[in-house]
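Letters A, B, C and D mark the chains in the order given here, with residues in each chain numbered from 1 onward.
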């Protein structure tokens, strides 16, 4: 049986602000619900839109004081930094191209950061943020949602504990169909910015979902990519960026991997699926059925591990909220990312040192790795699908 | 694509209190998270435990003012009723035997009620609450969680629209395995009270999960039970109440039904599954895979309707929060029940009349129907599995 | 790895004849293919139709000698009985109402019998055949196909070995949709005779598929029915017999069971599914995915046993023909029934005694049990769904 | 409803012989059962083993005349060619390295050929057989079993009819786990020869199962490979050939493909799975669940086409044998390959011309394409995973 998760004591609750996420934006609402879920942090400030009146309207509907609603993110960073009750962290949910300048100014003002993925547009930017966060001793979380699922944490713990032996081969696929037609020409906003190089960077499918594939494999297995060979495809006529991609990967350990991501795979909603094959066993996880893990061992029947029913490693068990058979989903996973981050931040605020196990949330290393992955995939594909080294 | 669900404007937010749900109680935490999800109501008062110090501790950890933390529910009802800013509704999450007295005193004090299921212990109590709520013109919600799933609402809309023709046969099964052994003898609290007639009433499995089966069939199909024939089993030695039950049902319309519920079905976590067969088609929904609906029509391939991907009826679409393939689960369903209730309450508070479509949440009729179902199943089984009429 | 199954040595091959199964009949062709599969017996004689010219045409197309093609079954039985090379057994694939007279005359003439199910129309007929076969010392096989699946044999072996403890509850359901409309009014032959009491007997769905449910539970668990309570439904207007049925069962051991069969369950092709819940574990098998067995034990992850991959009990392993992942289906199951029967018959012909383990094929006891089941279901339903004892 | 498949009239039945497939060999038995299934051809001659006494023993157990049992395949070809009742075709089920010499000598002797895959060891050999068969006007079938499944034929018909629009992307994966350990060192015969370059050729996994992936994509889509980039892996220490491989494919049409095959994918028995994504829809088929086809169209719910239940194109419907929900499997698919071949051969024997639709069985072009695929994959991989053209 599962204990109720502890809400943080109200007195110690963290506060945060948000940049982006105005009315109508999908992901801003998801972040707010994920924050509210465990009541670890309270949203008290925001710059929800470049248009001050819209920002004000969104903030008011959320019950925020007018004096903490800002028209611009730079003003917000500076103003908050001067307050005694300044926010503990900022949440960045703008289009990709704004991640860097927003994150930079908040870090410069001494404020911790939570940022959506992919982190930034170039490895140079990523390195700059890493240096800045280190210099300022600030925490930085990149919201790779899927790391928050308990069964993903279980998979990681199983690999770490050697349950499936030495890793040999990994497949990750992420199939969607929402861009199977030229949706960006119909006025659909998300399709428009995601396929626009100015706002999204040098890759679309590889940036949006390829980085999720890269991240979840890295999170579960700890393998680092030594080289890769990528083919980026654009199947919908007139589209400016990739909508499908295949990447062969060689890991530093000698293991091999294969990633396939697609936004034109008709019949697939959001089918992220990871399989890890080792010398003694294998695990398979599918995001659309996230409460289960298929586990196979040599000479044994295939098993289905159930969250909430079966015995899990502590990391997984600790993020499982309700009994087996009561489905947890995307919001709960998102909340777990925030929970890890907020717990670490609370500990840091209390002056306690953080061990590696307390940095369970994806940070700047994961974010930078994703940006590097995008760059190398594009480089390989532009060279005709040749192998390129990844340092 | 899905619009962000609207948070209610902070100024119009409802307030509520809770009875039961102290530290360690599972369902109290679920209710609080479900409330927080859409920010439709704020928890401001509570009597979380009979032990005042425990109630105080829980309340403080939740950030509540000490002046709205109460040792007893009667005191809470009376005190709140006198306040200008009295709570809009109370949430009752105690063991079953307290539902009636708590609900009664809050209704008497003019406060709307949300109560966990099964509603009360006897039909007489249910009728008394119905009369009281009507006399006081108060809203009453019974939290049959599974009615909150968008695909359950889709199923209901399809039946109402005649998509599958005239209903012929319905099966509902609800299989769990948590009581496959004598868990109640090990100190496990929930097992102890659920198998104790004094706290849980005259039935265990039929009361706890049988009522869910009865309710979800009623919610989806609108069929009313004319007679039933039940066999209640107790398979674990020493257990005082049923842990498995089969119920054959005749509906008033001439349709027939079959319900099976079990807590000893090893290998099943929380497998509620409903199938509705009509003259033109059929629908099937399983709570453990709640984002999909299997739909079959004569002479057509079987279809899988996906929440967030496929076109749904308005009731279903309006409670779907995120795009297809991003799993929504138990918490989101729970939140939808609260959302319906809070929207109706807000409208009522604003003096607007409520149409039937605005009473989408399960109310006292559903609650009373569940209690009647329990009574009739027990009666039939005690008579050796004979048919008994259900008025 | 799996050894090739041994074809019988040609010299010792059995011979057989067939009654019914003329051109266009579905099940006669299935029987012939099942016979040919393992080459255990050669079809050499037949009375394929009441019309001698049709019988001749079918026989010739199968390469049979004209002197062993007969216009009537009685003539065939008498003529074959006089031959030195008389057939070892006859296969009866006529409509139900002819099973009894055909079987009787072949038994009287000293010829072993294979007969399709349900065995006969009344328990009295079944008893008469049992007495006759015993008196003549002849073997009799009733082709309950589903007993031939390796994973069904595995389930039986697991129950016998106590792997899932003491049996508590069993469910069997068999859902089809081919009679969801009044197909019998369209000239479809099988629908016509199956819904015609003169040809099919007192029940349709209970006789055709209910007996399969009853048989497979009996085969797997060995439980015998002490009493039952049945409700037979006719949902399609104008239909003369049942097209849906629910049966609650009490076994002599104290275990309980529930069977549901339907021919109006739109979206279901031939979905026979059996679940057996014991005190230590549970097994589940579905005919539409027959190469796997879901196995659950207390406090362990759910397992999926794979035919050809996982270690099976000898009965199951011995009837598995090809490696895991190479699907075996309906024909192979049918062939296994014939293989068991022919192996027993060959042994008997060689004068060797047969142990119980060599009577693995369903015989007259199973056939008689099915007929009794039909009678008792109809009796219970006619009495309004009351409990009736089954001796 | 499905008509019984017609057995061929006995008088016109074809005869055949077999090379290889002695006692204990797996695939020889499968071929014999597949032949017997439809009774289209009778096995009358054989050279089942290089050891004449073993060949004799196998032949006798199968009921063959001693005068048509041969010690060597060359003798068999010559002797049969001289007979008036010579075999219509030979079936070659030896290890790969013997396919070429055996096929060659039978063709030279004017006898049609059925040969297991992969066809031969080199493209040069394949071209020689193509020239020889053309010169002699003989039919040649390569038993790519999976082309025999009705739902694979349905997929092909759907693509040809444009149901899913222009093909964009194809994935094929074939995952097994039987070589996850060094099985070849344990005396397991099949593992020994398949991983031995002398007997199996230049590739193991790519030859054994990679060619199946290549063939089934070609069969369904008709796409031809213009270039490919392959990485062959050997994960089990000491193994002499590949046990896992990834191949990126560019088709001549502009479509792209991705194949992954593995024999070390623990938890997978024989999981061949093909997905074809077009501009209007997509289809997915899995060999382990072969009676269904997942079909998706833009803006419609995902459908599950069921063999025997749903309306299929004629090619598919014509090879479906029994009603929906009665599983057909590997043997039936194999039989369908033989059925197509035998029907074509009978027609040819009768002097009738063969249209393209009557060459539904995989022939020398398919066989040669598979050999070329193996060669190009090995070439690409040896060059470090570079792109190589495929003419």
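In this section, contacts are C-beta pairs under 8 Å (C-beta built on N, C-alpha and C of every residue); 3 or more make two chains touch, one makes a residue touch a chain.
Worth saying up front: this structure is predicted, and the values here are computed from it rather than measured.
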| item | value |
| --- | --- |
| Those chains which touch chain C and also touch chain B | A, D |
| Chain hops separating chain D from chain B, counting only touching neighbours | 1 |
| Between the pairs A-B and A-C, the one where more C-beta pairs touch | A-B |
| Distance from the mean Cα position of chain B to that of chain A, given in whole angstrom | 34 |
| Length of the line joining the C-alpha centres of chain A and chain D, rounded to whole Å | 44 |
| Euclidean distance of C-alpha centroids - chain A vs chain C, Å | 56 |
| Junction residues of chain B - those touching two or more other chains | 268, 295, 302, 306, 309 |
| Residues of chain A defined as touching chain D within the complex | 164, 168-169, 171, 177, 180-181, 229, 231, 233, 235, 244, 246, 248, 256, 258, 260, 262, 264-268, 275, 277-282, 284, 294-298, 302, 384-387 |
| Contacting residues of chain B [partner chain D, same complex] | 295, 299-306, 309-311 |
| Chain B residues touching chain A - in the complex, by the definition given at the top | 1-7, 9-11, 13, 23-26, 28-30, 32-33, 36-39, 60-64, 176, 178, 188, 190, 268-271, 287-291, 306, 308-309, 321-332 |
